[in-house]
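By letter and in written order, the chains are A, B, C and D; residue numbering begins at 1 in each of them.
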Amino acid sequence: MDFGFKLSPSSAVNLDTVDRRRYDRLVQLQPDALTCIGCGSCSATCTSASWTGMSVRKVLLGLQRGRDEEVDKMLSGCMLCGKCTMVCPRGINTRQLILTLCRLDKNGEVVR
Amino acid sequence: MVNRQPVVAVIGAGIAGLEAARQLAALGYKPVLIEKSSATGGHVAQWNRLFPDMTPAADVIEPLRAQTAGVKTLLGTEISAINRLKDEYNLVLSDGSSLLCQAVLFATGFRLFDASKKEEYGYGIYDRVITNRDLEHWFNTREDQRIRQPKAVGFVHCVGSRDLKAGNTQCSKVCCITAIKQAIEMKEEFPDAEVYCFYMDLRLFGKKYEDFYIKAQRDHGIHFIRGRVSEVGEAIDGRVVVKAEDTLNGKPVKVTLDLLVLMAGILCNPDAQRYARETGVAVDEDGFLKSRDNLAAITESSRPGVFFAGACTGAKTVPETLAEARSAALAIHQYFSKRV
Amino acid sequence: MIYQGKQKIWADYQKEIPDNHYFYVRSCIRQNFFPASERYFLKICRDLLGRDIYETEHHTTCAGIAYHCDTLPQETAMTVVARQFALMTEAGYENLVTSCITSFGNYCEVLESWREFPELEAMIRENLWKACRREFNKPKYVAHASDLVYKLRGEIAERAKFHLVSRATGEPLRIVEHIGCHYSKMFPHKGVGGAEYPCVLSGMAEAWGGQVIDYPERRHCCGYGFRQYHVRANRGYSLSNTHKKFESMEPFHPDMIITNCPGCPYFLDRWQYVIAEQTGKTYGRNGYGIPVLTYEELAGLVLGVDPWDLGLQIHQVAVEPLLDKIGIPYDPARKYLGMDEKKIMTPGLPTSLKCF
Amino acid sequence: MRERFASGFDPFVIPFVIGMIFVLGYCLIAMVRVVCQLPKADRKRFLLSLITPKYIWMNVRDIFLNCLIHVKLWKRNKVLGYMHSSIAFGWFMLIVLGHLEVMLFVPERIRFFYYPIFFNYFVAETEQTLQGALLMFLMDFFLLLVLSGIVLAIIKRFVSRIVGMRRTTRLSVLDQVGLYSLWAIFPLRLLAESFTAHISGGSFLTIPANWVFRQFLGNDLNALPTWWAYSIALCIFMCVLPFTRYMHIPAEMLLIPMRNAGIKIRHPRKGFALLEVYSCPACGVCIDACPMSVRKANLRDCTVYLNRMLRRGNERRIAEISDKCLLCGKCSAVCQVGVQGPELRIAQRERRKFALSPSYADLDVRPMAEAVAGSGGVLYFAGCMTQLTPSILRATGSLLDKAGVSWKMMDPDGGLCCGRPLMMAGRTEQARELIAKNVEIIRASGCDTLLLSCPICYRVFKEEYPLEGIRVVHHSVFFQELIAAGKLPVQREDGLRLVWHDPCELGRGCGIYEQPRAALAAAGEVVEAGKNHAESICCGGSLGSLSLSFEQRRPMTQNALDNLTVADPDQIVTGCPLCLATFVRAADRPVRDIAEVLNEHC
């Protein structure tokens, strides 16, 4: 029956069920990603941000919150210019991080 | 007066009181430690290890106890009343005796916020919700039915701190670093557990604190979620369901935990407020005792002969408290030197 | 769950509820949704327990619903409230008891606002005088009808014909209590048991033999949310909130839900049907829903009132499994008979949710 | 001369023959394989070059100069140069002269290809002729030359510092077999020829040796075993050659004509790349040159090890080495055979598979294009990195204004990346998308000159952008020209000592060394760094490296700074925003962009 309205999906992130495989694999390959403090320097300086909304900070957070679609969209806007790596106060190799992520499939496996 | 050794009543035998008493005795005064509880050492004695070097609390307490062995210490003694005399104070003690002293040092310390007052977190209602102190107690004794091989542990920062509704708008200063310390300890204890810290701001101001934080992130993979826990519920299996907003993500988060640790904040000891009224020293807007000057004379009250050391004037770390205790002893020394 | 912990909190939130002499104000919508509830509240209090409850046909809405929907300003709502007070004063009463949770919240809010801003009260008095030449005294006590039933729960229990236990096993029924948001979330001290662990309904449930279950989304809104349901485009959101609550309580297998708000039982009841239609999922046993009762209906059942006289046939979710479980007799043939014993219409059956 | 054996054969030649057939066969197959692996267009181009007189001449000259004489090595290090050319050229001459002897004295035996090698065994001297004596003399002379090289090689192996190398490669087992057999060949040849010198004749080396041996040996019984040993040593060397670094000897002879024909790496493992890998002599010059090797770190991540891992097919290490490199190009600059370290690595990176590839096709650059539309003149593209160093932006703008240049900035509010970082990361296809977008903007502006203050951008704009009709110029060159033309009145400050840091992409990448120095000379005294021009040391901040962490890069930066400050300059000047940002963090004196320095003195 059509009521003219539907159940809307919850926007809440359930950390019990969220799929963090890509994040887990990433930090295994690149442990420095763990030290992100979410300061946003990367996003503020990002060449791609004004074009595509790319933000390494949001990518790292999104991966931990199961927001894979947004993450992929952001990643596909990165131009690898490396400015984020230059400004990261925690010295995270963000450029490599992005490349590593692009090599992981949905299950967190490195594609061959 | 001139021929007598001046007596200094040190109220509270926590680390501030012990250290001040030690220094005062060394300076040739006669400190008297008055302690409400049955043992010296205060809160620190109840802790297991201390940040940022994981020093056992006993390593701080035991030397202090040993070096104040010669100081007259009244344990299990409360102060019924304080009478102001000319240049002197008369303390009426709970055992009926009274103590005449030429100076009073408040080393009254702090009281941990009663976490059950944050009703939404369910401390005292949900089995799996404990406080920072409970966890330290477990580290010390390993006796707590609530801690059984947890797979997910959460820490809530700022419980009763920076919270108008909880009656304390101040930062308790040490909870962030304590939460990180305890999170690391839990992770070391239960390596397979996921550990979450829910924080509003991380205030890691002290020496090596930031390193500690990085260690928690990089070496232990502790998840830091910026957002205050809004409410806690109990799932059917007795685990707790914690809801918060992940403010960096702008979305609500929910997680089921086996253990939730509330980082109860630091409030002024209510006894101190009463003693302050009786001795005529001011209590500040934040509920802590009011120093003569917050920059230059933090250990001095607005009244001659009344001094402060440690957390009675605000949340303090162990080194800050010890430094203040020494500073207070010197201030007392100068006070008597001037009078002579 | 540490029960003593809750008791400690309840001890901190005990409000004073006068025993007798109330001026009763009805809810705008309950008479349509659950027509027998208010009637049986009066019947039980007056006839059975001998209390003095006064009501007048001259009272109106408290304007709370319009206020919360942003359709009229607070001053107007306050003036409407002032008129109710005037009616109460004219009738010679000092204690106000409201049927509606939003009204209760509204009265509390108005009184608190006046306490904080006396000039506001003066202005409203002037408004009321200009509008209808009435004057009023502020009520000494404002109680919600559930507060009063909570207070009288022992007396009801003494007269109970049935207990909230399973007739077959003797085990207490598992009861979810749902408190209307405007009951104590605004002013925790105005509610019995405070805002986090209110005991107004759980007190009744336990006094009458049931066992209250606590589930994670206990605090969550029923989903009504005036600004949501009233706008058709937002109804999906309203529905989703209700869904969230049911998902959360599902593992606890509750036998029933009791409520003290006009909107909550309606939405908790009707949305079960909509959820079942949209997702095929039902939350009770064997394809039935979880019956949702008002506390008056529950009191009536406990006291042995005929379920159909209590209007339980108006509920979407079938109550028969619950009645069977407690052992309350009912005549299926009389279910859809009106007051005059003539057949009223028999509703069609939903596709997913099992009903009689 | 007469032949001692009618058959012209002795069993001891068999090992040599086996080795020779094996190595020739192997090399022939390998050569055909490499040529076949080339893309069709490249193959055609290469084969055509082989019959083009211009290329034939180039190839002969280069092979002679590089493979035999090792002129590049001579320029770099005379001891090493002597060592290599004495062995290579000496050996080559021994073979040539051997053939000459056969053709002169026993021409019918020239079809036995082992004959020239073992000539002295098979013949007996009947009469002494001037011709014969000269040949014998030359044979002994070149043998001595080779032996002198071998002696040097042995010394080098144990004390590499003597020949000016701090670090050298660690040899694999096969390499050691090859090495020792190579060392053994010529002393054995000397012994063998000496033992038979009283029969076959000899010269200043072999005759006295023969005399000495005969004094205490008394018979010829040692002669045959020694010839056997000589043959076996040759056999061993040739049999292991394809599996050792000595493969570079035949490989380089193919590499040179291919490079001359303009062939580039198109596949990470096949064709030209494969040839480059085999051409690596594993000399280890790139180890010392590599900026990553400072403080003995990353020693096994330089190009020589990449080549070794590529030969072994160790994928994990290939990936690791490929990702770590700064792509500064210094290994290529110092490489004797011209192995292109960075290009080889980028090819490996390109090969990588990705689950997710960026796409820039949807980016709408119309607003940017409209903003610069029709501006003409000079279009200045600051690029990502210059946006992080506003001092360069300001100084460049100011200088342009002072010179009265009509200019417009392409990316005042940030623009697109130039694509070079993507290319460095091996994502060439994606870079092409960005290039197309940027070209759209540049074309819309109608400019005649595209000015860049970042060498990373400059290189890719110059090499990859289809910008015919538009001059692409780095700001250091542009300003030097303005100064030379008298349009920028730069005042020289006496006593100001400036050192120019050659950014990798500008110097080695684009060959710009002199213009920035000339421009700086107008402002002060230019002093040189310890290593400069093509051998300048990367700042360590390069985008080329994917995996180096900030901490790992720090000592590299410090090393580069130490090199820059040997002449104690007042300021370090560079022309790359990334170098600037990297140096500023660690330098003990001011680090400036060339534009800043010029602007201050103008």
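The working rule: a residue touches a chain if its C-beta (ideal position, glycine included) is under 8 Å from a C-beta of that chain, and two chains touch if they have at least 3 such contacts.
Given the structure is predicted, the values throughout are model-derived calculations rather than measurements.
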More contacting C-beta pairs: A-D or A-B? The answer is A-D
Expressed in whole Å, how far the mean CA point of chain C lies from that of chain D is 86
Euclidean distance of C-alpha centroids - chain B vs chain D, Å: 67
Centroid of chain A to centroid of chain B, CA atoms only: how many Å? 39
Identify all positions of chain B at which a residue touches two or more other chains, and write them in rising order. none
Give me the residue numbers in chain D that touch at least two other chains, ranges are fine. none
Checked against the stated definition, the touching pairs are A-B, A-C, A-D, B-C
Interface with chain A, chain D side, in the complex: residues 323, 352-360, 363, 384-385, 387-388, 413-417, 419, 421-422, 425, 427, 434, 541, 543, 546-551, 578, 581
Could you pull out which chain A residues touch chain D in their complex? 32, 45, 47-48, 50-52, 72, 75-83, 85-87, 91, 93, 95-96, 99, 101-106, 111-112
Per the touch rule, the chain A residues reaching chain C in their complex are 1, 3-10
Complex contacts: residues of chain B adjacent to chain C: 116, 119-120, 122-127, 231, 233-236, 238, 241
Chain A partner, complex, touching residues on chain C are 232-237, 239-240, 243-244, 274-275, 277-279, 351
